[in-house]
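All chains are identified by letter, namely A, B, C and D, in their written order; residue positions are counted from 1 within each chain.
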Amino acid sequence: MIIVMKQGAAPTEIEAVVNRVEELGYKVHLSRGEARTIVGIIGADDYLLNQDTFEVLDGVEKTVRIMQPYKLASRDFSGAASEIPVGPNAVIGGKKIVVMAGPCSVESREQILETAHAIKEAGATVLRGGAFKPRSSPYSFQGLGEEGLKFLAEAREQTGLPIITEVMSSDDIELIGEYTDIFQVGARNNQNYSLLKALGKTNKPVFLKRGISGTIQELLMGAEYILSGGNMQVMVCERGIRTYETSTRNTFDINAIPLLKGLTHLPVVADPAHGTGQWELVGPVAKAAVAAGADALMIEVHPNPSKAWSDGAQSLTPERFGQLMAELKPIAEAVGRGI
Amino acid sequence: MIIVMKQGAAPTEIEAVVNRVEELGYKVHLSRGEARTIVGIIGADDYLLNQDTFEVLDGVEKTVRIMQPYKLASRDFSGAASEIPVGPNAVIGGKKIVVMAGPCSVESREQILETAHAIKEAGATVLRGGAFKPRSSPYSFQGLGEEGLKFLAEAREQTGLPIITEVMSSDDIELIGEYTDIFQVGARNNQNYSLLKALGKTNKPVFLKRGISGTIQELLMGAEYILSGGNMQVMVCERGIRTYETSTRNTFDINAIPLLKGLTHLPVVADPAHGTGQWELVGPVAKAAVAAGADALMIEVHPNPSKAWSDGAQSLTPERFGQLMAELKPIAEAVGRGI
Amino acid sequence: MIIVMKQGAAPTEIEAVVNRVEELGYKVHLSRGEARTIVGIIGADDYLLNQDTFEVLDGVEKTVRIMQPYKLASRDFSGAASEIPVGPNAVIGGKKIVVMAGPCSVESREQILETAHAIKEAGATVLRGGAFKPRSSPYSFQGLGEEGLKFLAEAREQTGLPIITEVMSSDDIELIGEYTDIFQVGARNNQNYSLLKALGKTNKPVFLKRGISGTIQELLMGAEYILSGGNMQVMVCERGIRTYETSTRNTFDINAIPLLKGLTHLPVVADPAHGTGQWELVGPVAKAAVAAGADALMIEVHPNPSKAWSDGAQSLTPERFGQLMAELKPIAEAVGRGI
Amino acid sequence: MIIVMKQGAAPTEIEAVVNRVEELGYKVHLSRGEARTIVGIIGADDYLLNQDTFEVLDGVEKTVRIMQPYKLASRDFSGAASEIPVGPNAVIGGKKIVVMAGPCSVESREQILETAHAIKEAGATVLRGGAFKPRSSPYSFQGLGEEGLKFLAEAREQTGLPIITEVMSSDDIELIGEYTDIFQVGARNNQNYSLLKALGKTNKPVFLKRGISGTIQELLMGAEYILSGGNMQVMVCERGIRTYETSTRNTFDINAIPLLKGLTHLPVVADPAHGTGQWELVGPVAKAAVAAGADALMIEVHPNPSKAWSDGAQSLTPERFGQLMAELKPIAEAVGRGI
């Protein structure tokens, strides 16, 4: 961390800053320039420091963080890319791109079974479906709850596909953990630290979505919460961010894919359905994500989108999904991957 | 809701949309123009409809919501402004502007007692302090927990000031409810629906902050979750939004104050500390919020900001807080209020 | 356009709105619902109307535009994709993806000639280079001016590559027009209407960048300014937008590529250098743009980025550019294009 | 500027950075920490350096600017607040808050004369009105041009009020300069450097609006362009920024007012009409701006907003404007100003 003193800061003010740094057990690097004095802290534990601690001291103009505030999630911590095996066939972060597909919400036994068979046939290797749904209106369908989990489990039994479903509260971890193969944390819970801490104590993979307007750093700090709890099976997901542009539901941040691959060893998943909000755009953006280096995709598929209870507008039909899988293949190969 | 058909939509497509609307029990208003056909639904229960339901139908270009998706939170529901009495002396939403003050975190018995007496003397009528803290780093101080609640309760006993403290998880509602007068929901939990639903079942006032990049509509939908659970004592808080501007921690959305006063009957609180992130800006923005019509202010005050365990850079000393209270008085009077 | 009346709008207010619409020569579609009355205008010339005209009338709650405010730029106007031939070999919007490459600024005769030969060898078909530079600081290098244009022309002569260079002011159109094959309008001038109008009177292709935080609609309205002046050779460029995310210079809006392909017949170009700001991300995002359907790429290439006078951090060396061209080939083929 | 080296940067890489800094004539402050080495440049001319220059060097992770990139606009340059006299009675930046009022566009002789008399009576001291209009659609009214300037001049003659009007292109400076007292640069031209440079050569006050999504720093860099040309009469204007929030036209950045007052000696103007887009919000936000320390206000006033050719929805009637002026008085006095 760099502490920049104000122009004309008094020697006693500089001294006070130096003392505070040393009091906290860090070594000081002092640089006195013509215009400013700067106080550097370049120890390996910089990530443990709070900028606030110094910004309130007299004579300090601002502080600048030099190192990332996360450690376990960083590429420095583990040079090698992490691989997370799920079910008998899928390895998230491996050479083959994993496709997770299924409806936004589990609506009925028939719906989820039909979808599971269809996506399996098209080449997906993980089944998704929400049983506990975070809905922006209290008057909207809130999910089937445990009944939905049972339908998902039945679909797994029939198809062999591992399942992923969302957990919204630490209260529900035990119940959902009895059924799911991967815990999904939604964008609205990216900073629900009670939930993240509790997931750090589980031993199942966690799929962590970026917040609705979360930064890359916040995404990795969310992962750090889980990792520091002891659960090293975390994957992070780019799902579009909130911007001023209203012609799409979100702005899919394609930059985040290669950037995350450089910053972290965790697998990176792309969610083009939420990233765009329009099924016509899901295909092109899914292809873009693979071209940019994503390790996995999450795609919403519904047997009859116009009757979907949620997110119909961004769901593919099984036919369209099958076609997309075919189109993704040469892209994956062009970047040295399979699908 | 207005459903706009694509240019050249087929008669059968239009018919299918009309049928779907009627199937859901709504009355259709059909307008055939030169360029487009539009299907209008103008019933009173528009807020219960999902736009997705229609956007996936063939021939539909887009849908436009005509009415707000909330009902209990709307000004239409209750023409009169709601007043929420707290403790013996404060009425949030009444003629007098209520000032809630105190440290970001409860750090020790001495710190909270000293602050409580100081802010009382300066004219504050509610004491704030966090015992359970949502921190962006798992390595940062996470709050004193129940011990902090006990210190807050002792401060209330000594000063008579009612207290407000944050609840991060539905798990903690019972414990925190034993101590606090007002439940605070932080920006990161604005869409933690499990928590909001559980708070709807309590009978204590809830202070709901706008999400870090939450819209006005989402803020009111969060309130709707609590209101629809049966708890009508909700106040909403503007605390700055995330924008591209990096010279301040957040951008305080001053427009939101008068806009919310027009849209909802709920009291509107302003939090200039989080809205700016810099104590030098807290005073001017607090004054601005009062001038724009805020019903209450939340101000971070710490006896020694440079030793604060969190948010020191945006906290006022008791002296500066006292001076601000004096400066706020003529502004409050200029807009027909007291403080 | 839909005009939504307030709940309880008086009959005389509704009548006044209807009269105003008819006064302007439009036909009214009136829908009276339980909760609201809405006044629809669905004529083909909706795009000529101002929302303001109606929003100020008494009893009006809001207006909603049904049709896009542009006409000549829309896909409806010209179903077929426009193709813009440039130089002897490049057709922008054709089957082959066109790559425009070169330095941010023309710095010297040697620099531009060396770069031109290198990019030609790697497969680029248009040479870019700035002679008039919009710099955020008045103390930064502002471009070589006409001397730079002469160096570009010499590079064209030697390599046969057509050239593209930026025009910042209508004053410079004549001079730059004597040299360039394509006029480039930068992000900061996307709404410089004096400049856009003047370019509408020229007969050379115009490359129009999206504004720094421009919407898709504003980008197409900028194009409409040029098109309505009579110049139909316009291509639009996604170059990243300003968001709250600070870990990249801009957020490349990959959604914009397929969205624009659906909304307009104009060719769509991607600029991954400005879209990311970091040369390590240029390759992955360039591949993503091609996978998502871009018609052309603009890539910054500099023989020695560390000595570049501007934008060095996002420039590729000729070697890296050559490698990227090779990597783009299979992606282009995977989406049915060549390069 | 601080140059942060990558973890494990080679000694030769560090040396190369040091050499580059010294080559440019700056003195190096080297700090070798456990985790990183940082290279500091703390000379007074830091603002002349480009971050790019160093970011492209091998082994460099990132650079951080320590000092602001502007000089003439900074508070350090001139400790005292600048005052700009306009006309016989107004001093922008003085103790009295200056109110500039008038219609968005000059539409006719009658309209501007009627408005001028009305705003004068209500206490405004500068008349605004656009004759050259930047309109987002080429099909919208583009302003009366010189005829509009003549009407403005006649209004000045009749009322004694100095006038302010927008200049969109350096081509028009001479013509507009013959009539106007203040040149207004609109949000879309905040980075039109050709225009800013040309205005730096004039000797009339310039009113510079913040860009549609301009940062505070960009606003001051725009001012620096004018100041460095020799024209020291510049005032800067907060007019709302583009954010994700769609319930208002822009988000008025109230933080910017006290922040700018701290960063620059230039007078700070607030434009609540563009900052909100809704006339109902103009009053509360105007009061907020004054409470937060604005030196001047720009308010759109139209004798008949529902017939306005532009910006009607955010314009006040003369009656409402008169009432607002009365309400602003006690607020101005509460912050030690007059109006």
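The rule we apply is simple: contacts are C-beta pairs under 8 Å (C-beta built on N, C-alpha and C of every residue); 3 or more make two chains touch, one makes a residue touch a chain.
Note that the structure is predicted; figures quoted are calculated from it, not measured.
Any chain bridging subunit B and subunit C, meaning touching each of them, is among A, D; the list is complete.
A centroid comparison over C-alpha atoms places A as the chain most distant from subunit D.
Centre-to-centre separation of subunit A and subunit C, using mean CA positions: 31 Å.
With centres defined as mean CA coordinates, subunit D is found 39 Å away from subunit A. For the pair subunit C and subunit D, the distance between mean C-alpha positions equals 26 Å.
Looking at subunit D, one finds that residues 213, 242-244, 246 touch two or more other chains. Subunit C contributes residues 213, 215-217, 240-241, 243-248, 251-259, 262, 275-276, 280-281, 284-285, 287-293, 327, 330-331, 333-335 to its touches with subunit A in the complex. Those residues of subunit C whose C-beta lies close enough to touch subunit D in the complex are 20, 47-48, 50-53, 55-58, 69-70, 134-140, 168-172, 188-189, 191-195, 197, 211-213, 218, 221, 224-225, 228-229, 242, 279, 305-306, 308, 310-313, 315.
Of all residues in subunit B, only 2, 4, 7, 27, 29, 31-38, 40-44, 46, 64, 66-67, 76, 213, 242-244, 246 touch subunit C in the complex they form.
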